[in-house]
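Okay, got some structures for you below.
Note that chain A is present in both complexes that follow, paired respectively with chain B and with chain C.
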Partner chain A sequence: MTLLLQGLALGILTGGLYALLSSGLSLYFGVMRVVMVAHPAFLIVAAYLTFTLHTGLGLDPLLTLPITVPVFFVAGVAIQRLLIARLASDTMAMMSVLLTFGLALIIEGLLGTFYTGSYRSISMEYATQSLALGPVRLPYDRIIAFAVAAVTLGVLFAVLRMTRFGQALRATIQHPEAARLIGIKTERVTGYGFGVGLATAAVGGAVLALITPFFPAAHWVWIGKLMAIIVVGGLGSVQGAAVAALMLGVIESLVLVTVDATWATMMFYIFLFLTLVVRPQGFFGGRLAQRF
Partner chain B sequence: MRSGSRYGLLALGAALVIAYPWLAPNTYLLYAGVLTVMYAVLATSWNLLGGFTGYVSLGHSAFFGLGAYGTGLLVTKADWPWIPALLVSALVVAVFAGLVGVAAVRVRGASFVIVSIALVSMMNLLVQGWRSLTGGSTGLRVPTPFRELNRGESHLVFFYLFLVLLVLALLTWWVISRSRFGSGLKAIREDEDKAESLGVPTTAFKVVAYGLSALFVALAGGLYALWFRSLDPIFVFSILVGSYMVLMSLLGGVRHLFGPLLGALIVAPAGEYFLVALGESQIHLTATGVLLVLVVMFMPEGIIPAVAKLVRRFRPPEASIREETAEQRSKEAVA
Partner chain C sequence: MASETVLELREIEAGYGRAALVLRGLSVTVRQGEVVCLVGPNGAGKSTVLKVASGLLAPRSGTVQLSGADVTGRTPQALLGLGLAHVLQGHSVFREMTVEENIRLGGYTVRDPAVLRKRVAAVKEIFPVVGERWTSIAGLLSGGQQKQVEFARALMLEPKVVLLDEPSMGLDPKTTQTVFDQIDLMRQTGVAVLLVEQNARRALEMADVGCVLDLGRVHISGPARDLAADSRLGALYLGGAAAREAGEQSPAAGQADVR
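Moving on, here comes the complex of A and B:
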């Protein structure tokens, strides 16, 4: 029973992190119907950048964010404007996957060359202790990860709901042509949408570096997990992805404490296939999901 | 190209390929030759699905790995002779692919790609996790069926075995491209909703194409197991092998019989060269990625159409039935 409670608590914390890591993917899909396979690779890039800034300048991993977030925002805008926007629109869905897949390979190769293939990790003193809540022990690093994820998602949500940029972005997601008709510069907004998506990868990568060891090929594991999350949640739905992330995080952690690690990861794929068989548009997704 | 010179070129190419093992100056180049033909088989088989239907699967290495492990396990654990082991495991993989296909082809475009990536990761996990059967991450040793041959002779035998498989895959593609089934698949590629409303049984066609494509990939995987003698789950189930199939096909031209073969002839030797020249560094991944990005950005139709366009510019227009997309046709109609 204690084991299950422990699994449940850890699962919620991990699920919150998953929600942050997959939020960028929902944004890209929303604004451009693009599945950005390179997103997890950028997470790993952010983890390495955080590592370098931490070991080189002695910065706390979370204090590197003011440096990495703007860099990633600009990189996101650049990728959208210079690469993805230039693809032919009729084959966009397939070609953009291949394009971003190519980007992921480029990144993995470069990381492997500069940082070698061995594991890296950042260990902070505060991360090694844990908070005891009755019989349940919660490591502080997981709590920090969850808190950062919650704050970031909260900010993202506030930006989408309350700012003019957020309104323009949501209008572009819902109906690009109508958005253009009322004077929204949809191309520019789409570029910024990509930038915001990649900026979430900067935050996610820093948190990832804090709680888990990483290596250049680590992004493959995340591709599977994050893609499963956004399909189960319904492609393009930020809220759906967040709910699916929490759900799968809890399931993963419960299976982890009761069965083993292989089956815990396998749960993501099992739920992915179940979703396709039962409800291909995802459990929380809207009408646009199925066609893409 | 006039048909006479086309057949001449084909015969010359075939003769060169058949003679290659005798021309190769050393065992390493013979090995690289076997690898190239294997990739040609994989890319051509991939194109049975990708080229006809336009469904891009990044996860065909799942079937490669399953074919390899199926054959390897039947030979080592059940003491089967290699030919039935190869054929049975490939058939089982094809049926399995059909079942997966029923779920996978329900979604289009990006979702399909996600499913295909997930499939490889899933199989990788399964094979690595099932330690008692597969040996887990340490891999599986497969005894060679030709014990009396040395390394060079074994490469020679497998070169021709892969070549036979390549010819079979090419023939299958060619026959399908001329059949009603092939027209149905192409209709799915051009506009799936219209194809369905015209009475093409789209789901059945897609599932069959998926299974057929997996069958050939699994056969290649089985041959690989017998040839390479040791299976590393990280390699056989890597997304990289799957992405090579896509890259080769796209580079050559997915609408053409010899497109994937041409792509394999370029990418596989280049990959081997990078491995030799740059050693164990990971930079070859970057090279592959850059090539993929360049092809997607600047030559999504492949080399063959690009060259054909160049050739056509220098000769009078010919009145033959060309394969073209609906979009091209409508553009021409407007112009």
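Moving on, here comes the complex of A and C:
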């Protein structure tokens, strides 16, 4: 029973992190039907940048965010304007897979050149301790990761719901032509939307660096899991992906403590398969979520 | 005294990509407080006229004039600021947003909250359903209600001319009547309307001027009620007098129904 409780608690914390890591992918797809295979590669870039700023300047990983988040936002806008915008809109999903797959390979190669292929990690003293809640022990690094994810997603939802930019972005997602006809500069909004998506990778990468060792090819571990999450959640729905991330995080963790690690990872693909068979538009994307 | 010309398309030639021309020398004039209705078989180029007028499609030749100024090739955003609104075919509400969010987005370019409040109050008065369903998710409204939300959203910037692309599409007869009543209300407020309709006879009964399109140009035009009674209208829909005259058959001629 204690083991199950421990698994449940860790699953919720991990699910929160998954929600943050997948939020960018949902935005890219929602805004312009882009399947951004390179998103996890940017997570790893952010982890390395955090590592460099931590070892070079002695900054706490979370204090690197005021530097990395704006850099990633600008990089996102540039990628959208210079690369994605050149793809034909009627084949966007397919061609964006190829384009961003290439981008991921280039990033992996560059990281290997600059940092070598060795594992890197950031070890903070506070991250090695844990909080005891009755029989359950929660590592502080996981609690911090969950808290950062919750705050970031809260800010993201607030931006999407309450700001003029957020309204314009949601309108562009739901009906680009109608959005243009009410005066929204959809090209600009789309670029900023992409920038916001990549900015979430800056936060995600800093958190990843705090809780797990990383290496240039580590992004391949993440892409399958994150893609499964956004499909189960409902492609293009940030809220749907957040719910799916929490659910799959808990299931993974419970299977991990009761069966084994292989089956725990397999759960993502089982749910991906079931979703595509039973409900291709995803389970949590709202009543009006777009079909795949 | 004749009303002021609000929108004028002259000798427009336009098409999509490298494909053949859809519009071949089309000219249309819309005056203040007037409903001009474009009818014609499928493929005649009716929706393309609206896309050219609103800047969604740049013409290959010809001019678009708005209140006397040449606006050919200007973006939809620029034309919106000059007083032209376009309501698309089918449903174009932001489906996952509330009616309130949809209406407020209609005033996206209005920065003054007081002006925005005034415009919201005005469209709520013209379209009561907007106020009644203010907090509802727009995508869950009936087809007719969604269309009224789209009309209201288009009027948020107090346009001089509104382009309506098949507003009765997919609606039952009773709801269609409501939609036509709302178009009449727009006319009464002084707004000019360029209307594209498949429901030809019904639209011509309420419009001031009718233009029958075929093969990318205006084939017949005149007072809408006279046109509704013109036997050539039925002939055109049923297989194309104009097509025969032009020496080629419109690919979709005869598919449209005259109701």
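We take it that the second predicted complex is superposed on the first by the 285 of 292 C-alpha atoms of A that agree within 3 Å, B and C clash if a C-alpha of one lies under 4 Å from a C-alpha of the other, contacts with A are read in each partner's own complex, and residues count from 1 in each chain.
Going forward, a contact is a pair of C-beta atoms (placed from the backbone, for glycine too) under 8 Å apart; a residue touches a chain by one contact, two chains touch by 3 or more.
The model shown is predicted, which means the values in this text are computed figures rather than measured ones.
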item: Touched chain A residues, chain B compared with chain C; value: B
item: Which superposed partner A:Arg170 touches (first chain B, second chain C, both, neither); value: second
item: Which of chain B and chain C A:Ile184 touches, first, second, both or neither; value: second
item: Interface residues, chain C side, partner chain A - complex; value: 54, 56, 76-77, 80-81, 85-86, 88, 92-97, 101, 104-106, 108-109, 137, 139-140, 153, 156-157
item: Contact set on chain A toward chain B in their complex; value: 29, 33-35, 37, 83, 86-88, 90-91, 93-99, 101-113, 117, 216, 220-221, 223-224, 227-228, 231, 235, 260, 262-263, 265-266, 268-269, 272-273, 276-277, 280, 289-292
item: For the chain A and chain C complex, residues of the former touching the latter; value: 164, 167-168, 170-171, 174-175, 177-185, 286-288
item: Of all residues in chain B, those that touch chain A in their complex; value: 54, 56, 58, 103-104, 106-111, 113-115, 117-119, 121-122, 125-126, 128-129, 239-240, 243, 246, 250, 281-293, 296-297, 300, 327
